[in-house]
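To keep things simple, chains are lettered A, B, C and D as they appear, and every chain counts its residues starting from 1.
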């Protein structure tokens, strides 16, 4: 489980202690998720991770991956908390929606987008 | 709670059904997180969400925010599942690390980065 | 003027000297543009640059902005060179297309997207 | 050549006509570059463009690549114009700086980052 309520609480206290709520606007938190997402992407910018998941376990890279994933997750939890959004519910709904957009028999083995007539 | 184990299971089945594991490399999933993060950011590209959180509740925008947050979260869960990373643990560690990098007495009211001598 | 032909030449030599062409795939160069874009965005993650352009001239921040803009531009030029795309032509066409998507009389003072019925 | 002065002029007129300068803050233009960069990245999210540049020429994808590259370039030009930054000069300086950070004899065939002791 991810205990997002407790994590959200911790993040609220963290921001309050530092008088940082003034900076935590929707735009700034959305920007922060993008900034952290790019830091994760940077670990795979060139040759690393093009095919399989072996490389991810290397001790030189694994801690950095964990840290960037955590950064992204924390900002998502913070954003959802500020916005009053239920992440578990939103996630379940999105999986259901994706199943409708991508029926298995029509998209098996294909990486085209649901609205892409040509690939 | 976010039931990431069950969500990860659902995502595994979803990908297997569609023969999509071939596309789910570390690089591609990292890229996907960035793509979705930018779709959330796009909702706040101009005037929306610069200050407070009222606007986020408008019925014209709220469902879209929920959907993009869900997309980001699902790719993070999928990545962590493929990489064998414990997200709860990684999140707790990162909050602790952030407390060390940003002692409240030194960073109260300031938005400078921990390694930024000048703001 | 931006002398993109000469810059593209320099980038070709730079990559050849270092045997880096193997890493310069379409996907990797596209990822690189995103990585650099996020480094520019990070300079404006919190309070800086929310309103006017004064802050951009501060000597502590200006060189960093120049560097990130340059990084983005160089990857765009490198990508276009590898893809055989004429950037001047593409830019002119896009401005023309934007004028069609956003007629001034319909979008004056509005930040809604061209396909957005509700804002 | 990329005639960035003329393009910047066109973008200034475009924004003035639509009363959009109010939205063109440093933060918003930086966010826009990220949003467009991710739209380019999305074209290479899965199997396309992992190795060579052949696929880029396909008539179904080429126009979309041109459009996204143009979007990124136009926002970079707009940002630089608002910030009073000389893009040609910034680009030349960055290539020179990169040559110092990545001496060919030390980095030939390697994709490690300049500050990365371990890859």
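Brief remarks follow.
Definition applied: a residue touches a chain if its C-beta (ideal position, glycine included) is under 8 Å from a C-beta of that chain, and two chains touch if they have at least 3 such contacts.
Only a predicted model underlies this, so the values are computations on that prediction, with no experimental measurement involved.
When the C-beta contacts at A-B and at B-C are tallied, the pair with the greater total is A-B.
Sharing over half of its contact pairs with C-D by residue number, the repeated interface among A-D, A-B or B-D is A-B. Chain geometry summary: the mean Cα position of chain B and that of chain C are 24 Å apart.
Rounded to whole angstrom, the centroid-to-centroid distance between chain A and chain B, based on C-alpha atoms, equals 3 Å.
Residue numbers of chain A whose C-beta contacts span two or more other chains: 22-23, 27, 31, 34, 37-38, 41, 44-48, 50, 111. Chain contact summary for the complex, chain A toward chain D: residues 27, 31, 34, 38, 45-48, 50, 60, 111, 118-119.
Within the complex formed with chain A, the chain C residues making contact are 22-23, 28, 31-32, 34-35, 37-39, 41-42, 44-47.
The part of chain A that touches chain B in the complex is made up of residues 1-5, 7, 10-11, 14, 17-20, 22-23, 25-27, 30-31, 33-34, 37-38, 40-41, 43-44, 48-53, 55-57, 62, 65-67, 69-74, 76-77, 79-80, 82-85, 87-88, 90-95, 97-99, 102, 104, 107-111.
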